[in-house]
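Take a look at these structures.
Each of the two complexes below includes chain A, the first together with chain B, the second together with chain C.
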Partner chain A sequence: MASFDVMPDVQLYQPAELDDALNLAERFGDSGWLVGGGQDTYGWLKDRAKNPQAMIELNGIDALSGISETDDGIEIGATTTLREIIRDERINRDYSLLAQAAGRVASPQIRNVGTLAGNLVQDARCWYYRRGLACYRAGGNICYADGPESMNREHAVFGASRCVAVSPSDTATALVALEARMIAESTSGRRSIAAEDFFVGPDTHITQMTSLKDDEILVAVRIPSKWAGKRFYFEKVADRDVWDFALVSVAVAMSMDGDTIADSRFVCGGVACTPHRLTNVEKAARGKALSEESAEAVAGLASAGAKPLNYNHFKLPLMENLVRRAMRG
Partner chain B sequence: MNPQLSRRRFIKAVIASSAAAASGTGFHSALAQDRPRGAVERLISLNVNGQTRRVDVAPQEMLAHTLRYKLGLSGTKIGCNRGECGACTVLIDGVTNYSCSTLTHGVRTRAVQTVEGLQAADGTLHPVQQAFIDELSPQCGFCTPGQVMSAVALLDENPTPTREEARQAMSGNLCRCGAYDHYLNGVMRASGQNS
Partner chain C sequence: MDFFATYKNDIWGREVLRGVSWDLLWLVIVAAFIAIAAHAVYEATQKREDRPSSDGPKVSRHEMIDRAGHWIMAISIFALLITGVLPIIGIEFAWLELHWIAGIVLTAIVAFHIVRSVVVKKPSEMWISGSDLKEPFDDTVKPGKYSVAQKGMHAAVTVLTLLVIASGIIMFAMIDTPWWERSNSMSEATLGFVFFIHGLTTLGLIGVICMHIYFALRPEKLFYTRSMIKGWISRDELKANHDPQRWTPDETP
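Take a look at the complex of A and B:
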């Protein structure tokens, strides 16, 4: 496939009001493309791998930006940049898990413009798919990443169904751990979706990563106070420290009862098409103290049930080791 | 080449393009009534290096393209054109951005600074530029304008960074010569600290 230096001919809309954006989203449907920071958008368009008719840029809508307090926690507007999240005092105090995850995204320049919603709804990084091949995810009937000769070191070990791509978002793992809710809006109204249900696997919907409909806009993320100020652990393992996606990442929230874990959420990124909750680990961790012993006791559960592909067996011990490190205290 | 043929081709091309232009206008005026709110105008003003520049910008045009090919500011380099290498780094409202991955229409109301805007009116180089020369930071020099802009943004915000902070701030700029440590030496020198 040829690679192009310039953007294709595509219309641009820069609505200043959310209502106008919702109307545009409805009008263009699946031939419209919502743009936040655009860092996932322009590659698709320059490569001609996706060909929307119009870009709808949301950065001019004030109502979509900023961090505010709610009755129970905080609300982060969709176009709030990762830079703002990393520097926000309240997030660093109460939900530092999210600030840490956001701080490990891509490079400084990308965090400066990249939005929270854009990071959450970014498309799969499978290079066969990104190359514009007609794979399952692109509406075809073959997976190029799952074959004897396929290069699938970065691909899924859980939840694959025809497509074996993984969830690339670092902030998604943190938000699932924090039990956030996603607020989606269309001209017909608003709905609130639990973070865990927001991300969908290929068995549910193979051509999209989230449950957003074509005419819907992710307008905000709400984080409840349930995990505010609790004990957090975030670690992302990637080949490079900058501009790289997680091979495996782990986001953990734990509420402690004295020295022992009363309740916890363990979520792995880079191992499944959605942020992958380690419910076995959560159950086993309950009532345990943070120590080398409990780390040893629960770590093996992390990879239970995994189905590795040809080149990604290494993700299993990697997941176990990340859980071990989170449990050592 | 047969001149007859090329003339015919030329005439055909003229006819085709004027027809396209005509139908384009028709389409535009028809749409003007029912134009969705939020559509962009092509002729815009940009604030670049403190000057207001009027320029005709296509809706999908990237800032690096506008700067280099329409405003003559070729100090901003295009490397990967995918927001990965950092050669095109410019400051927008004082913050580093990959200009190859920034819609020009998105910066209409904002202040753009490129490497051309750094030196003083009398030609004195910016302290970062001077420090990069003193430390022999660049090798081939292609990534240098981007490295300079990242360093300027860092020092504006944090005048005395640690070497590790500088490393983080410069991490979105690749250098295929591998002169990273030399650039860090330059940043530390520009901040008045001995590297």
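Take a look at the complex of A and C:
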């Protein structure tokens, strides 16, 4: 595949107001490309694997940046950088799960410029797809990652439907665990989408990772106070400690009643095309204390129903071990 | 060929077929509606004889089992078209499972229909013969059980349905199901050809089905549609539209 040191010839728009950005998003539709930190963008463009007509850079819009309190929790602007999230006092106090997840994204350099929205809406990292092959996700009629000789160590063990790519976002798992809501806006208005519904699988939308429409911009993420200050656990296993995507990660929010778990949300990353909730683990964990015994009792449920590919069977015990570690207390 | 098909580069960089060009969908729909409108206008200008009465003695046209088969086939084809085509035009939902389930139903009912037609019924009564070709040009020649237009429609639906099923079965092997895990064993060029045939025959079916529904709803043909629901036509309808020498159905209560 050809790769270039220079950017392709593409129109660049740098609106200062959200309304202007929304108008541009509407005008260009699927031939426009929204840019935050650009960490998912520039690779695609330099490889010429995606060829948008126009880039709409959102970093100059003040309304999309920053962290503020709401009546019921906090709101994080779409272009707030991961570094700002990691260092924010309120987030570290009440929603440290998100700070931990954001702290494991890529590398310090990328976290300095990478935005929350960019991390959430980034495209699949399947290398067959990224190479520009005409796979299902690219509108073709085959999955190169799911064949007898395919290299699919990083791919899905749950929820695959033709495409077997996984959701690559670390912050997505934390936000699903925290029951966040995504605020999407277009010229026709705003809508609030539960994080769990924001990420979509290939059975429904094989060429996109989220339910965002072509003319919509993810403007903010709202985290309700329901899980503020609760017990959290985040762990990400990757081939490298920095600058790598999760082989498997787990984000857990637990509400404790004394020593026992009253309610919990266990969400795995790197195992499905969307952040994957472990609802059977959540049910089994209810009423149990954090202990080695409880960990053993529920860990095996994490991988129930998984359908591993040729080279990713290791994800099953890895998931179970991450749940085990979350339950040990 | 570019007008009919889309292409892609395979993993080796060679240009291969990807499938049919779905822009043709709009062409097929527009062409079908133009044909329907033209026929409707033509028919409106023709002098009409009084329609035969549906009252009086009745004769059997379709047995219950054939009527049930027809409607199961119709429902499964509609389910296949809805689940197959709506996502292509942007109405996205989890369609794949519904699509192959409807495909299995269609395949089973078509297989049943073929066996029944060959073993129990007379296959010749549905196929176009030389004598049928006089019908459109001579008002005095009346058909047997089926007119040449009905036989032509049946032949078109048969060819298209068998092709869409055959290509669908090959594509079915390429996805995960409760019975097997998919194989990516087919070359991309062959797979593209299969997708092309599946898409092209789907487009053909859309056109043919538009015409079929139109004729089924035409006032002078409605008695055929009624017979596909209730099973009978009247003796008057038989006399007005069919040659009793070529088709002698049983009386029905």
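By our rule, the second predicted complex is superposed on the first by the 329 of 329 C-alpha atoms of A that agree within 3 Å, B and C clash if a C-alpha of one lies under 4 Å from a C-alpha of the other, contacts with A are read in each partner's own complex, and residues count from 1 in each chain.
Everything that follows uses one rule, which is that a contact is a pair of C-beta atoms (placed from the backbone, for glycine too) under 8 Å apart; a residue touches a chain by one contact, two chains touch by 3 or more.
Just so it is clear, the model here is predicted, and its values are computed rather than measured.
J.: Check chain A with both chain B and chain C modelled on it and let me know: fit or clash.
T.: On the shared chain A, the partners fit.
J.: Should A:G38 be classified as contacting the first partner (chain B), the second (chain C), both, or neither?
T.: First partner only.
J.: Would you check which partner chain A:E89 touches, where first means chain B only, second means chain C only, and both and neither mean what they say?
T.: A:E89 contacts neither chain B nor chain C.
J.: Specify the angle subtended at the CA centre of chain A by the CA centres of chain B and chain C, expressed in degrees to the nearest 10.
T.: Rounded to the nearest ten degrees, it is 120.
J.: Using the superposition on chain A described above, determine whether A:C143 touches chain B (first), chain C (second), both, or neither.
T.: A:C143 sits against chain C, while chain B stays out of touch.
J.: When the two structures are overlaid on chain A, which partner does A:D71 contact: first (chain B), second (chain C), both, or neither?
T.: Touch status of A:D71: no partner.
J.: Output check: A:M7 vs chain B and chain C. Expected answer is one of first, second, both, neither. What do you get?
T.: A:M7 contacts chain B only, not chain C.
J.: Tell me which partner A:R162 touches in the superposition: chain B (first), chain C (second), both or neither.
T.: In the superposed model, A:R162 contacts chain C only, not chain B.
J.: Which partner does A:D203 contact after superposing on A: first (chain B), second (chain C), both, neither?
T.: Second partner only, chain C.
J.: Quick check on the superposed pair: does A:D239 touch chain B, chain C, both, or neither? Answer first, second, both or neither.
T.: So A:D239 meets neither chain B nor chain C here.
J.: After superposing on the shared chain, does chain C or chain B touch more chain A residues?
T.: Touching more residues of chain A than the other partner does is B.
J.: Measuring by CA atoms in the overlay, how small does the chain B-chain C distance get, in Å?
T.: When the complexes share the chain A frame, the smallest chain B-chain C C-alpha distance is 23 Å.
J.: Show me the chain A residues, by the header's touch rule, that chain B contacts in one structure and chain C contacts in the other.
T.: Shared contact residues on chain A: none.
J.: Under the definition above, what is the set of chain B residues touching chain A in their complex?
T.: Spelled out, the residues of chain B in touch with chain A are 36-40, 59-62, 65, 78, 81-84, 86, 89, 95-98, 101-103, 105-106, 150, 168-169, 171-172.
J.: Which bits of chain C are touching chain A when the two form their complex?
T.: Chain C residues touching chain A: 8-11, 18-19, 92-94, 96-97, 174-176, 182-185, 188, 191-192, 195.
J.: Give the list of chain A residues in touch with chain B in this complex.
T.: So the residues of chain A touching chain B come out as 5-17, 20-21, 23-24, 27, 35, 38-39, 42-43, 45-46, 55-57, 59, 83, 106-110, 112-113, 241-243.
J.: Which of the residues in chain A end up touching chain C in this complex?
T.: Interface residues on chain A, with respect to chain C: 133-134, 140-144, 146-148, 150, 160-162, 203-205, 307.
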